[in-house]
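The data blocks that follow each hold one structure.
Look for subunit A in each of the two complexes below; its partner is subunit B in the first and subunit C in the second.
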Partner chain A sequence: MSPARSLASERPSEGSALAHDMPLRPPSLTGTVAALLRKELLVELRTLGSVPSMSLFAMSTFVIFHFALNRNSVDGDLAAGILWVTLLFAAILGVNRLFVADADQGGFDAFLLAPVDRSAMFFAKVLTLLAYLLVFELIAVPAFGLLLLGPSLSAAMPELLLILLLGDLGVAVIGTLVGALAVHTRARDLLGALLALPLFVPIVIGGARASSPLLALNHHAGSSGRWLATLGLYDLVFGLIAYAVFDFLLED
Partner chain B sequence: MIELRGVGRRYGEREALRDVSLELGEGQTLVVFGPNGAGKTTLLRVLATLLRAHTGEVRVLARNLPEEGWALRGLIGFLGHEPLLYRELSASENLRFHARLHNVGLERVAEVLAAVGMEERSGEPLKTLSRGMVARVAVARAVLHDPRLLLLDEPYANLDPGAREHLQGLIGGASGRTRVICSHDPGGGVAEADLVLGLREGHQVMLKRANDVREGEIAELYR
Partner chain C sequence: MYGKGLRTLSFATVASFFLALGLVFFYAPLEAEQGFLQKIFYLHVPLAIVALCGFVAGGIMAIMHLRTRDQRWDMRSYVAIHMSLIFGVGTLITGSIWAKGSWGHWWVWSEPTLVSFLIVFLLYAIYQPLRFSIEDSERQSRYASVFAIVAGAFVPLNFLAVRLSTEYLHPRVLGSSSNLPPKMRLTFLVCLAAIALLYITLCKFEMTAKHTRSQVRALRRALSGEASRLGRSAVPTLDQAPGRAAGMGTGTPSASVASSGAPAMGRPGV
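Take a look at the complex of A and B:
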C-alpha cells in the first residue's frame, strides 16, 4: 500500500483529533505571531534581501555626505539630521520588501485560509521590521560614528539608544501599514516610499531634535524629554490606527 | 455541503462570474470545465473565502459567506496555481509553518511528507526542487490539516502519471473528501466527477451529473 493510500485509509474517525466539523482549536495569538516571525527571519536569513541592502545604502550615504559637505566631521543639528534622514531612507528599502515574499509566493492566501487571528500578521510584521532596523543600526550607527561624527558616539549612549528605539518602533508600525497597502499595487516600490515618507516626517523631527544635543561637541543630555514624549505619543497613535485598520487591508 | 444561488463576481467592470447556481452534497466531487478566463479560478476563490461574491448567495459547509467565512478557515484545503509555499524554505520548514498556523501537531508533517513521497528531500529549499516536486509539497500543504473540503485548481498539472497515482489517496476520490476541481482534462475530469459544471466567459453553460455528459460535450465548451 502506498503511503498516500495508507494515510487516506487511516484517516481518523469522527471525534478523533483530525476528523472535524469545526476547525481544530485555533492557535493562540502569541503562537501565531511566533510562527510568522520565525518564518520571516528564516526567509531573511536565506535571502539577505533587506538588512544588507539597508546597511549598504546607509554606508554609501555617509560617504557621499562626507564628500558633499567637504567636512571631515559633523556634530549637533547637522549630525542628527544626517543620521535620521539616512536611517529613514534606508528603512524604506526594508518596508518595500516586507510583504513581497507573501504577495509573490502566496503567503497571504495561506495565512487567510488558516484559522488564526489576522492581527497576528500585523504584530509579526512590526516585530520583523523592528528586528531588521535594530540589526541594521548595529552596523549603520557605529559606521556613522567612524565616518562622519565628530564627538564620541559613546558619550551619546545610552540616551541615543532610547531615541533610536522609539524612532524604530514608529518606523516599524508605519512601515507595516504602508507595506501592506502598497504591496498589491503595480508600482509598489514607488507607492511605498511616497506613502511612508510624509508619515516618517514627525519621526525625523522628533528623532533629530532629541538626538541633536547628544551629538553636539559640548554634549549635554537630559534636554530631549519633550521630543522623546512626542515620539512615544506618535508611536502610540499610529500603533492604534494601524492595529485597527490592518485586518481590512488583508480582506478582498 | 455547497449551495450557490445566482453567484456573481466582478473585477472592476468585467464580470468574471455571473449567475452560477448549484448544489453539491457531502463527499461528492464537482468538476469545473471551461476555457481560460471562464471564471473557474474565481469560483474556487469565492468558495475558499479568498474573494467575496458580489451577487447571489454562497453557503459552504452550512456557513453563509462572507459573513461566516471565519468559521470555515481550517476546514478547507486549497490547491491553486501557486503552491502557497516559500521558495527559500524547505518542504519541512514550510509544512511546519503551516502546521503551526493550523495548530496541527508537528508529527503530522512527517506523515504527509511520506504520503507525497518527499521525505528524502524534505530538507532542501523549494527553489532547488522541480515543479513536480513542489506540486507534491503543495498537496501535502493542502491536506496537512485534514480538511473536509478540497478546492483544487488543475491539481495534476505539474505531476507525472506516477505522482498522480501516488496522490490519489490524498486528493483523489479515495480521500473521501468533498472536492471541487477545475480541470482541462475532459476524460479524467468527468471520470472523477459526480457533478460537472461548464463555464464560459463567467456564464454557467452546463450543469449535469457526470453520467449524463455526452461524449464530446466538454470539448465543445472550448470551441
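Take a look at the complex of A and C:
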C-alpha cells in the first residue's frame, strides 16, 4: 500500500526529465530514516525537552509510591507493577511530545514536500522514541533499584534488560502511532494518554508478569519465556498494523 | 436507499425477540447450579459477541473507507462503533449483575473475557472524543478510520493477552456454546440471532436518521443562504464531501431549486 503511493516511486521518471546535472536519485529508506533520526536526536539534545522530564517524572513517581504505599522497599509483583506503571506513564510524556514540533513548526509539511518514502517518518519516530526510552531507563531503572527495590537489581539484570527492551519496542510502536493520531486534535495531551493506556495493557501484562519473579526476594528465573513470547508477538503484530496505517495519518 | 427495508427489518427484530424471550423463559431448562440467574447469560453473551463483532466490522468498514475514500464507509464505520459502544455498556452491566449474582462481587478480575471487554470498551470510548476534537471533517474521518482499524485489530490481540494472564480460577462452564445442552444451545443461538438483528436494525435506523438530518441541513442551509458549517460535530458529514453531491440522491436537485431566493425558514437548528 505505501510504496505505491509514496512519492519516492514516482520520482525517478520525473527527475530524469527535469534535471541534468543533479543526480536525483530517490534517497534510500534507510538513508532517510537515518537523516530523520539524526534530526530528532539533535533537536532533543539541544532542547532537552523529553528525556529529562521523563526521568524526573519517574523519580517523583517513585517517591510518591514510597509514601502512598508506606513501604521502604518493594519486591516481587509489587515491584514489577510499580516499575512498569512508572515507565509507561513516563513514556506517555514522551509520546505526547513526540510530534508536537512537527505539527506546530511545519515539520510535517517539510517532510511531505521531500521526495521520500513516508514510512521513513514512522521508522524514524519509532527509533527516536526507542532511544528516548532506553536513555530514560538508564536513569529510571537504577533509580528504582536505589530508592524502592528490596532485592538487588543486578541479580535480575540480564533477563530484565531483555524484557525492558521488548516492552520498549512495543511502547515505541504504539506511542508513535498514538502520538501521530493525537497531535492534530485539540486536546492532544489528553487524547494521547487516553488512547495509549488501553493499548499498553498487553505490554503491562507481559512486562510485569515476566519481571515479577526476577524482582522477587527469593529470585528464581526461567519461567518468563511465555511472557517474553507474548511481548514479542504483540510488538510484531502491532508493528505491522502501525506500519500499514501510519501513511494515512500523514496525508494532507 | 437508506430507509428501504427498515419496516420489515424492524418487524423481524421484534418477532425474533418475542421468540427468543419465549424460549428463554419457557423452553430452556433451569441451570442446576445458578438457577434463574443463569437466564442473564442469554442476554449477556449475545450482547458481548455482537458488540465485539460490531467493533471488528467497524474496523473493516474503516479499511474500506481508506481504500475507496467513500464517506459512506466512514459513516457505516461510525455507526457500527457507536452502536457497539451502546451494546458494550449493556454487556458490562449485565456481566456485572451476573458476577454479583453468581460470585458475590460486582466485578471479578479472574474472568478474562469480562476484563478484556472492559479494556476494549475503554479504548473505544475514545473514538468519539477523538472525532470530536479534530476540526477538519476530511481529516476527522481519516483519523477515525485509522483508529478504528487499529482498535479492531487490538480486540483479538487483547483477548489473547488477557486470557493468557489469567489463571483459570473459576471453571468456565458457560464460556462457549459448544458444551451447552441442546435446549440451552438452541435458545442461545436464537438469542444471538435476535440481538444481531437488533444491532443491524438500530444501525440502519441511525444511518437513515443521520442521512435524513444531513439532507435537511443541506436544504435549510440552501434556503437561508448560509454557506458555513453549523458548529462542530463528531458525526461524519455526508453532505460536505465535495464532488460527491451528485451521488447523494435527492439532496442536490431540490437544494439547487430551493436556493433561488426563498426567505430563510428560520434558524437552522442543531
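Here is the rule we use: the second predicted complex is superposed on the first by the 229 of 252 C-alpha atoms of A that agree within 3 Å, B and C clash if a C-alpha of one lies under 4 Å from a C-alpha of the other, contacts with A are read in each partner's own complex, and residues count from 1 in each chain.
Rule of thumb we're sticking to: a contact is a pair of C-beta atoms (placed from the backbone, for glycine too) under 8 Å apart; a residue touches a chain by one contact, two chains touch by 3 or more.
What you are looking at is a predicted structure, and each value in this text was computed from that prediction instead of being measured.
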item	value
First, second, both or neither for A:242, with subunit B first and subunit C second	second
Which of subunit B and subunit C A:27 touches, first, second, both or neither	first
First, second, both or neither for A:206, with subunit B first and subunit C second	second
Touched partner set for A:219, first subunit B, second subunit C, both or neither	neither
Which of subunit B and subunit C A:187 touches, first, second, both or neither	second
First (subunit B), second (subunit C), both or neither touched by A:39	first
If touched residues of subunit A are counted for subunit B and for subunit C, the larger one	B
First, second, both or neither for A:66, with subunit B first and subunit C second	neither
Common interface residues of subunit A - those touching subunit B in one complex and subunit C in the other	252
Residue numbers on subunit B that touch subunit A, as the complex places them	48-52, 61, 70-76, 78, 80, 82-89, 93, 97-98, 100-105, 108, 111-112, 114-117, 125, 141, 145-146, 148, 166-170, 174-176
Interfacial residue positions of subunit A with respect to subunit C in the complex	177, 181-182, 184-187, 191, 194-195, 197-199, 201-202, 205-206, 209, 226, 230, 234, 237-238, 241-242, 245, 248-249, 251-252
Parts of subunit A lying in touch with subunit B, wherever the complex brings them together	2-9, 11-12, 17-27, 31-32, 34-35, 38-39, 42-43, 46-47, 101, 105-107, 109-116, 252
Contacting residues of subunit C [partner subunit A, same complex]	66, 119-120, 122-123, 126, 129-130, 133-135, 139, 142-143, 145-147, 149-150, 153-154, 157-158, 161-162, 164-165
